[in-house]
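Next up is a structure, given as structure tokens.
For clarity, chains are labelled A, B, C and D in written order, and residue numbers in each chain start from 1.
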Amino acid sequence: MTEISTTILDTLATQAIELPSWAFGNAGTRFKVFSSPGTPRTVREKLADAAQVNRLTGLAPTVALHIPWDLVDDYAELASYAGDLGVGLGTINSNTFQDDEYKLGSLTHTDPRIRQKAIDHHFACIDVMDATGSQDLKIWLPDGTNYPGQGDIRGRQDRLADSLSKIYARLSGEQRLVLEYKIFEPHFYTMDVPDWGTSYAHVTALGERAFVCLDTGHHAPSTNIEFIVAQLLRLGRLGSFDFNSRFYADDDLIVGAADPFQLFRILFEVVRGGGLDDGSPVRFMLDQCHNIEDKIPGQIRSVLNVQEMTARALLVDREALTAAQDAGDVLGANAILMDAFYTDVRPALAQWRESRGLPTDPLAAYADSGYGKQIADERVGGTQAGWGA
Amino acid sequence: MTEISTTILDTLATQAIELPSWAFGNAGTRFKVFSSPGTPRTVREKLADAAQVNRLTGLAPTVALHIPWDLVDDYAELASYAGDLGVGLGTINSNTFQDDEYKLGSLTHTDPRIRQKAIDHHFACIDVMDATGSQDLKIWLPDGTNYPGQGDIRGRQDRLADSLSKIYARLSGEQRLVLEYKIFEPHFYTMDVPDWGTSYAHVTALGERAFVCLDTGHHAPSTNIEFIVAQLLRLGRLGSFDFNSRFYADDDLIVGAADPFQLFRILFEVVRGGGLDDGSPVRFMLDQCHNIEDKIPGQIRSVLNVQEMTARALLVDREALTAAQDAGDVLGANAILMDAFYTDVRPALAQWRESRGLPTDPLAAYADSGYGKQIADERVGGTQAGWGA
Amino acid sequence: MTEISTTILDTLATQAIELPSWAFGNAGTRFKVFSSPGTPRTVREKLADAAQVNRLTGLAPTVALHIPWDLVDDYAELASYAGDLGVGLGTINSNTFQDDEYKLGSLTHTDPRIRQKAIDHHFACIDVMDATGSQDLKIWLPDGTNYPGQGDIRGRQDRLADSLSKIYARLSGEQRLVLEYKIFEPHFYTMDVPDWGTSYAHVTALGERAFVCLDTGHHAPSTNIEFIVAQLLRLGRLGSFDFNSRFYADDDLIVGAADPFQLFRILFEVVRGGGLDDGSPVRFMLDQCHNIEDKIPGQIRSVLNVQEMTARALLVDREALTAAQDAGDVLGANAILMDAFYTDVRPALAQWRESRGLPTDPLAAYADSGYGKQIADERVGGTQAGWGA
Amino acid sequence: MTEISTTILDTLATQAIELPSWAFGNAGTRFKVFSSPGTPRTVREKLADAAQVNRLTGLAPTVALHIPWDLVDDYAELASYAGDLGVGLGTINSNTFQDDEYKLGSLTHTDPRIRQKAIDHHFACIDVMDATGSQDLKIWLPDGTNYPGQGDIRGRQDRLADSLSKIYARLSGEQRLVLEYKIFEPHFYTMDVPDWGTSYAHVTALGERAFVCLDTGHHAPSTNIEFIVAQLLRLGRLGSFDFNSRFYADDDLIVGAADPFQLFRILFEVVRGGGLDDGSPVRFMLDQCHNIEDKIPGQIRSVLNVQEMTARALLVDREALTAAQDAGDVLGANAILMDAFYTDVRPALAQWRESRGLPTDPLAAYADSGYGKQIADERVGGTQAGWGA
């Protein structure tokens, strides 16, 4: 086994992967949402579950909230509650896909009243940010159309630009606007922010505190995602990741589950582009659906996958790689990259966890903890959280 | 305008496109199911809506049922009710994707008890068929896995074959088993019947009354669907179509909306392969989701699209086409096909409708009928039908 | 048949579709390049063939050149020769994919000497532009890598930006730099300009006379191309089209052959975004491969397809469309678009051609002209033009 | 590091990966074929290069020939020459894509004379098999069409079935017919054998010695290849693999280079389905293009990749896996699979090589051998082998 240097371990110690509160609620497909015992009914229960992931891995110090799913009266109190659990409140995510009036659009709607309603929703999200101290307002815009002719593609862009500028103007201090893109779903003909180019064009028009969010599941088949990572880092506009994995569409599987080598290449470009450096604007976050598997272990598995792959990315001998690249040694350069990928970093990371008072095997520790049984027993009655609540 | 011959019009007169009862209920994505006024609460209301489509187009004489969504106590009475509305009961569709016990499989489950439960569900569907006189049991198997290793791909096939053989053995008389395939969703790593080859291998193992169902939205990107149509017709195993259209995944848009030329090519292969001939085993059916558009006009638009495209397919000068093909005249052969596609058949079909006592413009006639307002006013209270009911 | 208004016909009269000189040479796949009798051996013969297309359609007044394939000593003389044939010299295309030294990159190469060689090639292309009066330097950059690690994605971007800035600085007057993007091929892991976002980021960094070229075959499966058209028009950076069509990858089939409805939607966005207006920066061009079909008729078919689809796009009742869109009438808005698409514009265009002294049926006129036989008889010996010459 | 058991090492010792003679010739894209010093000019030189791969890895005891590229007068002599180099002659591959008469089809052509010519070519290939003792006739059929209407899809299938039956009838003894499928290229609308279902339908119609060849690069995007592997093994019709890897289309990159985890899953299904057992009908072969990288090291890298991944597949604790699958433990079952994948098998395989008298690092050994320089010096003049020769 290749030794993992202290420098690498120190870098890994600074890595933080934000968990989405909704990962602990039920998720599913249009065909069925399966429920499971112990699923949280409240934001506090979601935070409690997220705190388990952080307690066992040391990797997930903050939790993203989704408004209105995670609306509470007193965010100071919620932040304090979270703090007691050892986690903080992170990114605030807006929701413009579940109000009946948004059926044909929100920030892009032809009706100025509905557009303003959607803008106001983002203002309310910024109010939450002010209360929680969250830095990022993340906008995943579900707007789009299903049929050619249904909407005016160009007019929708113009209205989107106008709506975004009003939201951006409301931000203050260090607050940032992060605009996610997605090729399709929930709409099937056009999405109003379908690709990184569109998100990039909008955020550069907004200003310096606007960034692109890259969800690894939101691309056309065969898109080279690490290229986009490298390009956005180069342009200074990569704000955050939504990590997950996919075989077909936006499958929202556990990050690294479908194509671990792709995750490695992505993280290598993050390292290469300074995304792990001090002061980097890049934030890491999960955005997944545990449709059939247990949710808390699913999140543990996910943050470990990101950490292990980051370790492999950091293992790449970049000096040797550059030399091989400059020499035009195609196979040699590739071999240097692959050598890091094929290195089994798990034993070294287990030792590192032990040295930091964390369980060497977080999944086994979770299974042994009895937490799963405990919440299944305690959380009886009420309405389990899901995408609708 | 190219004249449409009497022969073509006579062929069109025999075309029947089955409507799915669930098309009239609410549908949506995992993000949101939008409801709309007038949505049926009962099977009878679904049948009433379907009957409107048939009344205005003359194209949709039967309605497919979905069990258990359309479970009633007395199917003879339901059939009689439908008959009074001018429609019949058609294909019976089973459902193995909404019971909690099917989370990890139904006909393929490792647990023999759950497999038997799923088999018993199909026996119950056959009982319905016996009561309604339906010919086809259509099985769309949602079984699959989300993660590599989760299931034993091979073992699942063996169990599937066993389960299907038990169901097939229960059929009697002219009853048929039609096995649909789908590349992904609701599962994201494997589906147990992902492609036509798998469906074909299973139905040939079952016997002569087992056929493949081709859903036009269930393929990998860039799959040549008309090739599969031609091949299955050649092999004598094309049992039915589920028509819809797509830009990305299984979008379930109105048939012909996304790629009208593809629909034309598909229907041309149907014609070429004898799929419209007397005694053809091929059945036509819609399977779509009207997430945001009005449902009854959506179904009217759909059957008209199929009819118009069938007319264009029938217009192809096949003698000239064969001559050009045999002469190796690439551009000439293509031009003969395109000439039919670019012909505007709508005026001729309007005349034909008029000659048969149907409205020349079915969509305008529906708008004028007041039916939409009537059901919106009448259908107040109760639970609107959807995929869950 | 819907009447085509004089306004529409006048707009069509201004449409010009540039032909690529290389369309008249042999093309093929990596497996085989089939030759055919009459294929040009020289630039002059290519121009003569292109002039036939223009003579019969009135749509193709200019011919794009590819350097070094179309290198001649005296471009003034060549322009004069072309002028005598009734055509002009158009866009100059550079070539950085056939020199052995470009195996691992040209404008992005790690070796400054090879980068300068590639830059110098573009200077030579600008010299040709100065001699011919061509406005556009079109750069399709084939640079990329085949294996992860082979190249430094980020470093290649930086070198590309530097190389492009040197080329751009050499342009003068009204000359423009148009940067094409392509997702893959000839490289299979990364391309250095894989998507419109990358091209857009580079051209905005260069200056106001730098634009994006959109080749309709250069996208990932299921990419919504008309969205990109609308977006680039909105951003003022759509410089030109390379038209062709595809079922799978960069198939380079006849434009409109694979998905005529997509071509319609693209041209509708061109119309919507002012791309046909006076002073529009958008240029139309073909870029196809006639691997198995006759080349001159293939080009005639292509320009007719673009014209017919432009006519359909212009037929859209935009006032009614906007009203339906604003009213949220999904099916109504779609129907307005489809009505134009399904209108058979061919008879009106035939009349229009007649009124302008052009043959009503250009393909029949070509067949009758005997030109094909003539060049087959005359062009004996020499080396047929292809991608290598 | 997980120990690799003696049982596993013994299984690995039986693995043989056939090399294609054409891998040592030049390959490229339609844009450019780059040449390199030392490229073979003759079949003997190809065999010499292939023998280097086997000498250093012990994995590649046979070489596939391509007719007519590898036509010689005396195959007994060629076999003897190969034997002296330590390798044998393997699969015979036919070629129906480079004769001008096959432009519109070979085994499917409308002209019976051209069909017979293509059939006769396969008879000639069988004659070679008789001379060399090769077991497999592999048919990759490039036939297809570029434009809708160009050919009669159904008629082409019927003619194909007829042609194949004539070829099959000519086989004798243990000889097998292996039919490869491919979704697209060199044709872009239809391929006559586009998918495994089509190949399967044809080979079952032929007889027991007809099998399917699965080329890992010949599928639509997002196709689950290991499912097809499992299915074909279950149906008893998986004859052979053509290994390579891809990001986009049929990129023909080094096997395992683009998606190592996919290769692992494929090989796991091979193991699971008995494909490595004694008497298995499954043959392993490479089919790649080394467009820019060195060819001999490229082949060494490839066979090592297959071996390493086979070792990982053999490491899967199948008993534990089955238990987890039966228990419905989604994450647990997945973890068992991933544990094998993430195990670094390279040190154990290096030891194993050492124990068998092979170099521990075959690539370093090749670099040290001087063979590359030697052939570059010796092979001067003549015509380098490529796809055309």
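Please note the rule applied: contacts are C-beta pairs under 8 Å (C-beta built on N, C-alpha and C of every residue); 3 or more make two chains touch, one makes a residue touch a chain.
Because the structure is predicted, anything quoted here is derived from the model rather than measured.
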{"item": "Smallest number of contact steps required from subunit B to reach subunit C", "value": "1"}
{"item": "Between A-D and A-B, the pair joined by more C-beta contacts", "value": "A-B"}
{"item": "Whole-Å gap separating subunit A and subunit D, where each centre is the average of the chain's CA atoms", "value": "40"}
{"item": "Euclidean distance of C-alpha centroids - subunit A vs subunit B, Å", "value": "38"}
{"item": "Residue list for subunit B, restricted to those that touch at least two other chains", "value": "104, 146-148, 183-184, 189, 221-222, 224, 247-248, 257, 261, 292-293, 330-331, 334-335"}
{"item": "Subunit A residues within the subunit D interface of the complex", "value": "1, 221-222, 224, 247-248, 257, 259-262, 292-294, 297-298, 301, 308, 330-331, 334-335, 341-344, 346, 363"}
{"item": "Contacting residues of subunit C [partner subunit A, same complex]", "value": "104, 110, 146-154, 157-158, 183-184, 189-190, 194-198, 200-201, 219-224, 226-228, 230-231, 233-235, 261, 265, 269, 272-273, 321-322, 324-326, 328, 330-331, 333-338"}
{"item": "In the complex, subunit A residues that touch subunit B", "value": "27-35, 97-98, 100, 103-104, 142, 146-148, 183-186, 188-189, 221, 246-249, 251, 253-254, 257-258, 291-293, 387"}
